[in-house]
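My structure is below; once you've seen it, I'll send some questions.
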Amino acid sequence: MPLLPQRWRLFVILLIVIGLPILTGLVWLILTSLFDRVHGLIPQGPFGPENWRFLVEPSIQGRPPVWVALFNSIVFSAAVAVIEVLVSAMAAYAISRMQFPFRRTYLGFVLMLHAFPAISLIIAIFYVLRILGLFDTLMGVILVKASLELPLGIWLMKGFFDNLSWEMEMGALVDGASRWTVFWRIALPMVRPGILALGTFAMLSAWGEFILPFTLIVSGKSWTMALYLQSFMGEAFTDYGLMAGVGLFYVLPVVLFFLLGQKYLLNIYSGGVKG
Amino acid sequence: MSGVTVRIEGLVKHFGRVEALKMLDLELKPGELVAFLGPSGCGKTTTLLLMAGIYKPTAGEIYFDDNRVDQLHPRERDIGMVFQSYALYPHLSLFENIAFPLRLQRVVKSEVKRKVEQTAELLGITEQLQRRPGMVSGGQQQRAALARALVKEPQLLLLDEPLSNLDALIRLSARAEIRRLQQDLSITSILVTHDQAEALAMADRVACFSVGEVQQYATPDELYERPANTFVAGFVGFPPMNLIEGTFNGGFKAKDLGVAVPDGHSGGKGHLGIRPEDVRFDGDILGKVLLIESLGRDALLTLDVGGNILKAMAAKGMESRPGDEVKLSFPQQWLHLFDVNGERLDR
Amino acid sequence: MRRFGAPLLFLLPASVLILLFFIIPVFVTIALSLTDLSTATIRNPSWVGFDNYLRLFSDPFIPKILGNTARYVILTLTFNVVMGLVLAILTSLIPERWGDNFRSLWLLPRILPPVVYVFVWQGIMARAPFGIISEITGVNQSWINAAPWTTIILANGFVGASFGMLIFTSAIRAIPRELFYSAAVDGAGTLQTVRRVVLPLLRWPILFVTVYQTLSLLTSFDYILLLTNGGPGLFKTTVWSLHAYKLALSNYFGQIEFGLAAALATFLVIIGVLVSVVYMRIFNFNALVSQPKIEVN
């Protein structure tokens, strides 16, 4: 708010207090992964590389090596991001900049899907993937994940394309470009902030995705990090140290992204809604 | 490069129910610069975009020489275009901006370099070629936009308000420069502008637009001296022509003002036009000074003449103050007579 | 048709994917709900009309599941909206840079992979020596089992609060500065300004967040699945969407019941359509579809 209240420091303290659980959780994760034994937040034993043994052991109780899961997760989020950005950008460009019949209807439809809770379709999607022969493949989950986020992506990218200058595009056409060339050489480079925002969002969202791979992937060779970590849950003896190690390992790239792209993320996580 | 003949026949453009362009017939001679002049929303930019192929005509035909082009894609029309905002690509250097049309034509690299540098030289922006549009001045951006339009040696050059984003000072020199270039290259050109001074100064012929129609298509001199109707009369020339509503019956009468007119017209109601600079301060018409605005060398007087408000240009030396009575005359050779619909009577 | 070749090409990939993973699944869900497809009848399922829906009415566990769902949605929603509001207001009352940092902190639970996030909750709620709660209170027990609902609502709430927070923050930013100045000139203190200027102006955003989150909470189940898997015990924390999911896709009592699950999911799909319609109303749709200024493709 434009006027800073005199007692704003009090509010800062208040915010720290309500934010404490989040910070505590993070600290707990880090400490638990680093030390042999931790009582609450107080490290008891020596520094424990034992918790990180998953990095070198080829297989922990029949699980695939963590590197396979890591590789799959990287492929998964990169592919989802590329497909999502590309397909959304193409559709958004057409909706924003081109004339065709039923353009209004198409946009209305996309806007409706944007709010549609896609997870309620998971049972049917399971079926569709089986029919397509993509069940239990990374490719299948990639397509599903990218598709379910398409409406958001199209919506977001349309906003960016809407703000491009028409004269710029007219100029390119007169200079001898086709719409396809205009899209690749003029429009796409100019919506770079949008591509970065959507790409980051898609990447993070795919990186964390659990339900889809959990439902649509069975074999260990296609596991992602989410499945790898989840496989330790609900065991008779819970090895918190090891799991914290895996968890921290899994979460590090996210934290990096988070620190780099805070500003972008604050915008996109409200779902492109203007309050 | 040598210019084409451009022929527009019965061109019509509707946007939904809006008639942006009602019916246009126009011909441009090779190497001619024609200005489309008019207020905003008059259809001049619409016509330009139809020429470029950005819009598709609702009806009518466009020919470049003898080739019908109105259904062709912009890239098949061989035109160059400069936009009001210049429409330079911000992510490319000026060099790449200018090279863009050539790259699309897959011109060989050495040739691209030669042509871009030659064009840049012509426009005096060689020094700035490696910079991005955001890093150079408005004037340089404008030159780069012109260079991009000219580099592929188009058969027709379209200029959409190319000068209106420039500072007043640069605008005057840019005007002269564009005109010089256009004449040197003898490229057929269309200039869209709302600035009548610009149109009169640069163009061989001017098409004066209003509400989707061309009101008059003539040389600048003719437009000024023989405006075809009251719209053109009021739009061309500054300060605008005085248009007095009244009655013709041998002479012209409006309220308490009576003026002798050529040929003793008696067509009933109509308009009498006289430019402020044509009003003479001698004679027997009485006027009362209401307001004096100094224009530097001259002064613009607002007068009450027999119940009609008129403007007149007076030399600076003339001593008069608001409230003074002045004597005027309206020389017959400078009078413009229009009928009740605003059409010129003595065509 | 050639005229629209280019836009069709641009729209093709998106259209195919949307068809495959949105439109067809909607119809598949409805179609499945009219069959008796299950582990037993996997070879030759048959049409059973509305039998599955009738079975729902007579299922003795359905009232419990409905109650769970209501509890889950209402409590989580309250936490989300209230916390979102508190965070938005507090972070707006402190210097911008601080405010952004706190907002980012609250975004973290949403950005963390759910599995990691849930694991941290499990750890904190675990028995000593790992569980912090057990350490602090001295009551050594699995707090997830002891207080499953509290855990679920807090865990979901910490994720969900950021949505309201972001929407409310941008709404607060959109309030003209003059209103704050004139309130200050009129002698209003911070609390009074919040109560008399900010809150009334947040009415629409609050309504929007409430409706939107109600409907999306109804269909979400991933954190419950990971935290308690619907337990402990029989259906203790099973909500509607989780029940549908487990009936269809996890080996629940060794029997997979696609037909019944699809009937449950059909209700969720209907809710989804409702969310979408509400969503459409929020936007001024006509303003979004201005005509393109280029007519060639």
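Order of writing sets the chain letters: A, B and C. Residues in each chain are counted from 1.
The rule is short, and it goes like this: a residue touches a chain if its C-beta (ideal position, glycine included) is under 8 Å from a C-beta of that chain, and two chains touch if they have at least 3 such contacts.
Please read these numbers as outputs of a predicted model, since none were measured by experiment.
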Exercise for the section: Name the chain with the Cα centroid closest to the overall protein Cα centroid. Expected result: A
Handout entry: Furthest chain, CA centroid comparison against chain C
Key = B
Problem - Comparison of B-C and A-B (more C-beta pairs in contact) - result: A-B
Fill in the blank from the handout: Note: chain C sits from chain A at a C-alpha centroid distance in Å of 16
Completion exercise
Whole-Å distance, C-alpha centre of chain A to that of chain B, is 55
Problem - Euclidean distance of C-alpha centroids - chain B vs chain C, Å - result: 60
Completion exercise
Within chain C, the set of residues that touch 2 or more other chains is 291, 293-296
Fill in the blank from the handout: Going by residue number, chain B touches two or more other chains at 53-54, 73-74
Problem - Junction residues of chain A - those touching two or more other chains - result: 170, 173, 178
Practice task
Would you tell me which residues of chain C are touching chain B in their complex?
Solution key: 291, 293-296
Problem - Touching residues (chain side chain B, partner chain A) in the complex - result: 49, 52-54, 73-75, 77, 79-81, 83-91, 100-101, 104-105, 148-149, 152, 158, 160
Problem - Complex interface listing, chain A residues touching chain B - result: 165, 167-168, 170-178, 181, 186, 189-190, 192
Completion exercise
The answer for chain B against chain C in the complex is residues 15, 53-56, 73-74
Handout entry: Of chain C, residues touching chain A in the complex
Key = 4, 6-11, 13-15, 17-18, 20-22, 24-26, 28-29, 32, 83, 86-87, 90-95, 98, 100, 102-116, 118-124, 126, 128-132, 135-136, 154, 158, 162-163, 166-172, 174-175, 177, 180-181, 184, 190, 193, 198, 205, 208, 212, 215-216, 218-222, 225-226, 229, 241, 244-245, 248-249, 258, 261-262, 265, 268-269, 271-273, 275-280, 282-283, 285, 288-289, 291-297
